[in-house]
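Note that the chains are named A, B, C, D and E in the order they appear, and that numbering of residues resets to 1 at the start of each chain.
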């Protein structure tokens, strides 16, 4: 089967429609996972075991099971319990929750990497808990996390094809739909691969820059 | 009346395929991780370039695209793989690329001090790697390898897309035949989680074994 | 593959869909259903004792055939001119008409794809790359109101949850879905006005016409003898419909 | 003079502290008078750091009482101050109030690496005392002057040498004007050549202010010059105490003698 | 005695070394005689560590020559030894052979944390000299005896104190029986109380073996006792050298005087 450029041009507009959805889903998913991750990280540190234990278990459970299956659950099972979400919203929630459990680990590591001496110095300066977090710990913890967070956003981007099972017409779904209508797999799949590869290679440079900019804090 | 026990048997049969895929995929990923990870640290430009290309390509393109390629496009070039082979190949190569970065990072994280002690003791390059760097680096790799293995386990769900009858696939079959979503998908969620748990238990035991006597070395 | 090869290996690899009653998978994992049952019987008479069926997505069937992953597709893959150009079909086997699954009483009054296009609020669910998707688009339903649904159960669920207003599949598939759901709040609207009756055939690789011709010969004998009807009618399919048309007619469109 | 004998500013009353199975302090008691300069010396692991950390509320105590300036540190009156004599464990708010009286300088400086020198110093006054930026900066510049670092006000900590960092850390602690200052081996992480500049600042401090100071150190020579009183610790107990001349020249206890001998042999001047 | 004057075991011949723009050594020359014990002292950043690291081939040189035991270290004869006088940069194999003559002990010990004490010591002899395990262990036990650590042969490094780790590091370097031993501030990372045990081992070593030793230290008292000759470095140059008595009691150069004064003021004994 040989490569057909005319076919490529013909399907391009359809694929670009898919790209748009893919990007929107990734951006919204990133925002949600950033928030969810911080919430999980802070709740897991709670001294109350009644809070920290269930949160830990839920996070471990979500992290140990495939996003694909979780999406099925959110989209097809939750309505039985009265929760009916539009496809894109369900997809963003799935991505956000799933990747939130990863970003929670990034936050945890970032917070743990702030030396104990900083907590103690904050106490010796008589700062309150809230002041310690906002003025001392988070400003030091967050910049070094940025590259790791960005890494997960890129991974999330590459998992958006899963949203096709809940009828979101993202790039992969558009490509499959095109492939199904014309019985040609090579061009759509290769284009999708090339697209992902391009974004990923660009993001490698972006990440390098982020690492240089935020990666280490001088002590 | 639905024969649930029979359908559960079907899902368990799928679980076996999932386990098989995970084990073989992990084995391939481990081998690739060491080859490419050490390749990136090589003195020879060609090896470094090759390893980098492999890593960036497989990390850059989505696992979905890789699967579709391995399954639908490779045969057009004359390589016909069974679904299982295609699945193991795509999963192993994909996760191996991520593992390679873990290997590289761990080797680099063994400080310059250990490297210098080796020079002072007149060990050769190979002896240094074999006796000093890798044994210490491996311990550092293990936790991340554990995460990678769980990632691979979860990614096996995607092979249902190339009609390999893994657990997710069988759940979809059961869903179509019985009309129930909750039961098959609830079951596999739990099974996936148990498998993930088994992986982390195994790695943690291994880690404890290897770390014996090393307390206080790693923070 | 040619017949000799298949005889030698002792089985034929066929792609089936995960869609009752075209295909059914028993609790013991055994594959039955109208399409595989016919294929099994025909191949047996051709001297190929067994079929190995693998469930596949509709969209993946023809590429899989081309990539030599299957020797044949027996899955309710309806004959249409474009498909006839891509594969070699046998004579018609399972015929079915398009139908709509709607809420009880068909509240929006859909009789045809055109009706859906005319109702700006209506959303229709259809399998990706399937006939129904194409019919809907051709009737003028805009892309954003045609929801690509991965499988029958998902479509049923989305209708029940009000995510779509109508779900389109062949009559028998929808009947089966409705029966399994046990839901009295939905009904099957058939036949859809203006939608042609479709028939599937067993699909072979484009160049495997010799195998296809051998297959046709046995199929014709079975139709003649009434065995054909005996196999497919319990699943609800009509043998008469299949025998009243031909590949030639269907492939012309 | 006929003024009544002043009250101790720190009263430690038979406190105990364990880490897991390991008992670091077992019923320790001691008093410190206002303005007193105290040196705590003793072998590694004897609990010197632990005492300072307890006073700074970085560790809690298992039993006993500590009074700072006449007020309980780890306890507070039941019923919000009703004088029925009952005590309950201190709330975070109580600890917060008590910490205003105490400042601490750490071995590893613990400057905030993401803030400039002046911001390190002004942060706490602005946040905890509600000082305006202008006030806080004026005071900070005075302190920087005192530690000889006025020209580095806008530098980041990473650009400073260890000795400079430690002088900033001292200024930061002083910015809150605590009544009590705790110093834990403030020179032991410094290059030998940088030690002197920090010790000079501390000598000045000891002479110029009447702040109460507790100092843990291995620099016996400095302890000698600096302290009004020296406490020798071993295994969580005060083995010997007295004026520096007595402790360093005529140690009574065998353990003290042994310790000083070792330190001298290791090349330190007394 | 009429034996001919022995050849120097180390000849350093106007070597230069820069890190980026920063020139650490600029045409430095010096010789060391076999069996000599040399102390290198001088302010921080003066290049003492760099010299040791260059001798251990941990850094390369930009120009100049070094001869160890009469053989070029960083160069080798062209054409595999043909005596045409031409030299080319040393190959890895040449460096490997030359390193057999030199051992080094680091400030931070650099023990292999995943190997027991005895394995740390036997590893290199078994790998680089092809010693059998039995031979290597016999020799290791002798060395452990010498450093007073025979009872810790099976311990892991993490279970040892700093002083114990450093004694193991010394034993490990000695296990290869190098002709030259390099020590870079081997006590400066230790708690003051642990310094003495390491210095004792080194004194013993200096007396008992005729290994050539180069020692970088800030412990002036120890340098005084240990060394046959003291070199005072500043900014990559030898400012002054001589017998310890002369250098420490009557330093000629102003820079030396200033340095020693500072060190003494910081509380170190000379």
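Just so we're on the same page, a residue touches a chain if its C-beta (ideal position, glycine included) is under 8 Å from a C-beta of that chain, and two chains touch if they have at least 3 such contacts.
All values reported here derive from a predicted model rather than from experimental measurement.
Q: So which chains count as neighbours of both chain D and chain E?
A: none
Q: What chains do chain A and chain E have as common neighbours?
A: Touching chain A as well as chain E, we find B, D.
Q: Using C-alpha centroids, which chain lies at the maximum separation from chain D?
A: Result for the farthest chain: C.
Q: Considering only mean CA positions as chain centres, point out the chain farthest from chain E.
A: Of all the other chains, the one whose centre lies farthest from chain E is C.
Q: Can you check which chain pair, A-B or B-C, has more C-beta pairs in contact?
A: Higher C-beta contact count between the two pairs: A-B.
Q: For chain B versus chain E, what separation do you get between their C-alpha means, in angstrom?
A: Each chain reduced to its C-alpha mean, chain B and chain E end up 46 Å apart.
Q: Please work out the Cα centroid separation of chain C and chain D, and write it as a whole number of Å.
A: 84
Q: State, to the nearest whole Å, the distance from the C-alpha centre of chain A to the C-alpha centre of chain C.
A: Their C-alpha centroids are separated by 38 Å.
Q: In whole angstrom, what separates the CA-based centres of chain B and chain D?
A: Roughly 53 Å separates the two chain centres.
Q: So which bits of chain A are touching at least two other chains?
A: Residue numbers touching two or more other chains: 1, 76, 185.
Q: Could you pull out the residues of chain C that touch at least 2 other chains?
A: Within chain C, residues 63, 66, 153, 157 contact more than one other chain.
Q: Can you list every touching chain pair?
A: A-B, A-C, A-D, B-C, B-E, D-E
Q: Can you check the complex and tell me which residues of chain B touch chain E?
A: Of all residues in chain B, those touching chain E are 113-114, 116-117, 119-125, 127, 131-132, 135-136, 139, 213-217.
Q: Mind listing the chain B positions that touch chain C in their complex?
A: 2-3, 5-7, 9-10, 13, 71-73, 75-76, 80, 83, 161-163, 165, 169, 172-173, 175-179, 181
Q: In the complex of these two chains, what residues of chain E are touching chain D?
A: Residue list for chain E touching chain D: 43-44, 191-193, 195-196, 199, 218-222, 262-269.
Q: Which of the residues in chain C come into contact with chain B in the complex?
A: 15, 18-20, 24-29, 54-57, 60, 63-64, 66-69, 151-153, 156-157, 177, 180-182
Q: Across the complex, what residues on chain C touch chain A?
A: 58-59, 62-63, 66, 82-83, 86, 125, 128-130, 133-134, 147-150, 153-154, 157-158, 160-163
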